[in-house]
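For reference, chains read A, B and C in written order, and residue numbers begin at 1 within each chain.
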Amino acid sequence: MEHATWTGAILLLLLGGAILRRILCARRGDSIFVRRIAGLDELDDALGRATEMGRPIVFSPGFGDLGQMSTYAGLACLEYAVRRAARFGIRVIVPVAGATMFPVTQDIVRDAYTAEGRPELYSPTNVLYLSGDQNAFAAAVTGIMERERIGAAFYFGSYGFESLLLAETGQRIGAIQVAATDSFFQVPFFIAACDYTIIGEELYAASAYLSREPTMLGSLSGQDYGKVVVGSLLIVGVLTALAHALLGQPAGFNPLIGLLGR
Amino acid sequence: MKRRAIIVVTFLAGLYYLLEFVLPPRIGGAPDADGAAAATSAQIGATRFIAYTGLRNDGRPVIMRVRGDGAGPRQVLIAPGFSRRDDYRGARAPQFVAPDRLYYIGLGWDDRTPRVCLARHAAGRWRTLSRAVLGNGLPGEPDSSGIAWASISRETTGGYRMLYLGLQGERATLCMALSPDGLQWTKRGPVAAEDINGLRPLSVTQTGADARSPVLLLLRDAAGRRILREVVLVDGVRRLRKLADVGLPQGLTLQDIRHSSPMSFLATTEEANGVTRVAALTWSTRMNALALEVTNPTLIAPGKKPTSTYLSDARGTVDDLLVVVGAFAVGLGLIGLAQLHGRRLLALQKGWPESTAFFLAAGAMASFTVYARLHPDAGTWGTRGYDLLFYGLLQPLGSSMFSLLAAYLVSAAYRAFRVRTFEGGLLAASATLIMLGQVPVGNWLTQHLPPYLQIPKVMAWVLFVNNTAVVRAVNFGIFVGALATAMRVWLSMDRASMRSVE
Amino acid sequence: MRWYERLQRIDNRVLYVILAVAVAVPVFARLRLPIPPTTETLGAYDAVEAVPPGRLVMVQSTWDAGTIGECEGQCRAVVEHLMRRGQPFVIWTSNPASPPFYNRIIEETARRHGRIYGRDWVDFGYKVPGGAMAFGVQAMARDFPGYMKSDVRGTPVSRLPALARVRNANDFDLIITIGYNPIGEFIQFVQAVYGTKVVFGIAAINSTTTYSYIDSKQIVGMLVGARGGAEYEVLVDRAGRGVQIIMAQSFGHLLIVALVVMANIAALAQRRAERRRSG
């Protein structure tokens, strides 16, 4: 739609309002529970294994650019992963596909090392701007993975068909792989080739889960509140449609559907 | 200072897009701000009223009412109902049929299909029936796409006769339907009319209750000229015989015409800018031939114009600004790479041959591409070099990488689909089903089984039912998550986005 | 190593060789199986059939060498159908590599049906960059001649006979997009606003999320990967690359199913053997 319908505007306000309110509550100090997300717990194990093997890790924040929300979620997880890797003293290779992401990613990695008191571990060659072309990006990353014999690979962000190329290469060299993507089409490939896969919205939850930052946690909680609102609407809609069908209404038209379409 | 400026600009840009999306482009104004069309008149009590279609470019057409002289307050008579399927998207082209009926064309929920609907006057109010009284036909019939216009008359015998324009795509066909009570209609099919090949009917209006009363057909030829033809029903009402062509007022482009009283008509006139008005016409003669003359060219003019919010007007400019800002990033990656590889090359560090290759490849590709863009038909070494590098090297390399997926898929599936748990078994079974269903082999293997066991049918059920539900559920979560992240970035609350500021 | 362990640890290279042989066999042996059309392909076919004579169709083609396997058959069949019916269409792309691929198909089909450029089809070439699709589609839907301005040969829109009366999306009866990804912007900014019918021709992997669009009637039909192209070719009676590719794909899928079954049988045998040994 070019402009919001009444329903769209109201839903946007409800969802946005819920998110903002929970962010403010979290910043005020309210405690927010986030359930365990299996794949994220394995992050530390994977880093530990890579340390034992003495091999570097690859953390790819996806093929998207700064215009995609999944990239921000991936970058938030990147900071966590780099800080953890800094404690273990292992090298993190960050291949990047977008030119606009390159300086942002460099800053995140450098600051993460500095925050852990290990600025000497940072090297400009850790963050590699490779290519905006999927084929070239996949070829470059798989080459890096093979040459460096990485111990672990993390794929957090948006992906295209290169997901299977990366994951299968990692599988072949024996790396532990954790993937988190909102790219629905690539989830089956990651499930088949990675050790742990985080699907869809859990990528956005991952940044909150790992960082435990009030804004992130509040945002996550607000999303759930918003979903409760829409979920209730779904249930009401299903019940009214069912009632219409069972009562054999002559109009044959669910007023709730009509209202939502306005 | 820089940080604050960027935060403010980010917020203002996001606020603009949010308001541009949420607020309508124009606010206020009358429901008939963009045109008045398709009018009908009737005596209700002591007063004569006109009902007409009020048009808004940014809204649904409604039926409005005004006094018979076109003056006085206007009110909405029938607005599209959110609980009614058949006029959900608009109500237009009303016709009063005495004493208490208003037939109109409702635009339905489903693809805006036009159907004939009815409102009845009782206890001082007009109440619409919940369903249309006459709908579109089956595929292949002349009214399969709906009914664009209807003229109903109450016969002297008490029944009702409807002449209507059935739509089949773009083609309009004159058809007839009969009813004993005006509620249950029986279609009689197309009505053959003489000499209208190549002419598109725009409207039809009956001038009397008798089946032998003249009918006026407004037609449009291929050049857009209007022709008004007086015809009469013959042969058991399956054929229209032409009586005469009626002269039209000069300088007016008519969209439709409806009989109002024995000597007068209400017509919709269209201006060059597309705005429509209702005009009053009357019978006259012109050079001994029947004609219609204008008595009032602007009986009903469009209503009060809405006010623009200017947000949508500025959208093109704002979008262009953002594209320009984004264009500054084009060189960013190239400069960064050149710095990195340049340092390596100059210092002859490890990997300097690869850095040389980078400069050679980037330089060659850029040069040949620029040359080919500037001289696309040159046929020289420049364009041949471009073809070699782009179509001969880059594209096949891309295809090769893409084709690796097939091989990797085999090894991934072979390794991953080991049934160790119930969920694993379900995964393997559904993957097998979908794989076989996507190719003709699945159909060949199970074509002799009952339909509910045939692989393509089962696959279709899985994809349309299960898969759709799961995709919607997962997508909904993704969208909400993306909305939350977008809000954080807009309000500069997101740490990752703030890195670019710090 | 026991047989069940060997079967579970086949070297990937062996698998790749078997795959290459499996997909080559139907190509050389010219094997054919019946290809009945599915609901979504029939929806696409019927949508083209329902376009009234003389009304315009918009085709957006973004496939190139990487996606030629899935999309070439779709493009061939759609262009064949449009040109056979004499349905004028415009074609444009958001992938600069796409024009040579679709032009090859259009020129060959036009020669066969005696179609004339400018009257029966118009090529606008690379018009809207992928990143600006939302802007481009909205602008073109609002004011097609104003946004497109001229075709790939530089001829102004006003001088092209096929586009003499085109103003906006209302003047197109159908939009067909053929490429790897579904172009959701057509649903958002054209179908939802103007009611124009939309058909997707996309890669099979991307079709899983677009079945919901069929269910909600936001698209009227869909060509799913190589299968969709093959089905459409059969419907227009012009079996070609699509049919060839789907036959090769059939053997590839059969191979995968066979390997999965074999590996699971071996795994089951191993579990039984271990249970016998332990107890």
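Definition applied: a contact is a pair of C-beta atoms (placed from the backbone, for glycine too) under 8 Å apart; a residue touches a chain by one contact, two chains touch by 3 or more.
Quick caveat, the model's predicted, so the values are computed rather than measured.
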- Sorted by contact pairs, first entry is A-B
- Maximum distance between Cα centroids and chain B occurs for chain A
- Message: Between chain B and chain C, what distance separates the C-alpha centroids? Give it in angstrom.
- Response: 24
- Query: In whole angstrom, what separates the CA-based centres of chain A and chain C?
  - Reply: 29
- Task: Report the inter-chain centroid distance for chain A and chain B in whole angstrom, where each centroid is the mean of the CA atoms.
- Result: 35
- Residue numbers in chain B touching 2 or more other chains? 398, 401-402, 409, 411, 413, 417, 471, 475
- Query: Counting only residues that touch at least 2 other chains, which ones in chain A make the list?
  - Reply: 135, 161, 184
- Item | Residues within chain C bordering two or more other chains | 12, 66, 131, 208-209
- Query: Inside the complex, what are the residues of chain C that reach chain A?
  - Reply: 12, 66, 131, 138, 188-189, 192-193, 205-206, 208-209
- Along chain C, where are the residues that touch chain B in the complex? 10, 12, 15-16, 19, 23, 33-36, 38-39, 50-52, 55, 64-68, 97, 100, 131-132, 135, 139, 173, 195, 204, 207-209, 211-212, 214-215, 224-225, 227, 230, 246-247, 249-250, 252-257, 259-260, 263-264, 267
- Message: List the residues on chain B that touch chain C in their complex, please.
- Response: 111-112, 168-171, 316, 319, 323, 326, 390-391, 395-396, 398-399, 401-402, 406-407, 409-411, 413-414, 417-420, 428, 431-432, 435-436, 438-441, 443-444, 447, 456, 460, 463-464, 467-468, 471-472, 475
- Query: Within the complex, which stretch of chain B touches chain A?
  - Reply: 20-25, 81-85, 88, 109, 130-131, 312, 329-330, 332-334, 336-337, 340, 397-398, 401-402, 404-405, 408-409, 411-413, 415-417, 427, 471, 474-478, 480-489, 493-497, 499-500, 502
- Query: chain B touches which residues of chain A in the complex?
  - Reply: 3-4, 9, 12, 15-16, 19-20, 23, 66, 69-70, 72-73, 75-76, 79, 98-100, 102-104, 107-108, 111, 124-125, 129, 132-135, 138-139, 161-162, 164-165, 167-168, 171, 182, 184, 189, 191-193, 199-201, 203-205, 207, 211, 213, 215, 219-220, 222-223, 226-227, 230, 250-253, 255, 258-259, 261-262
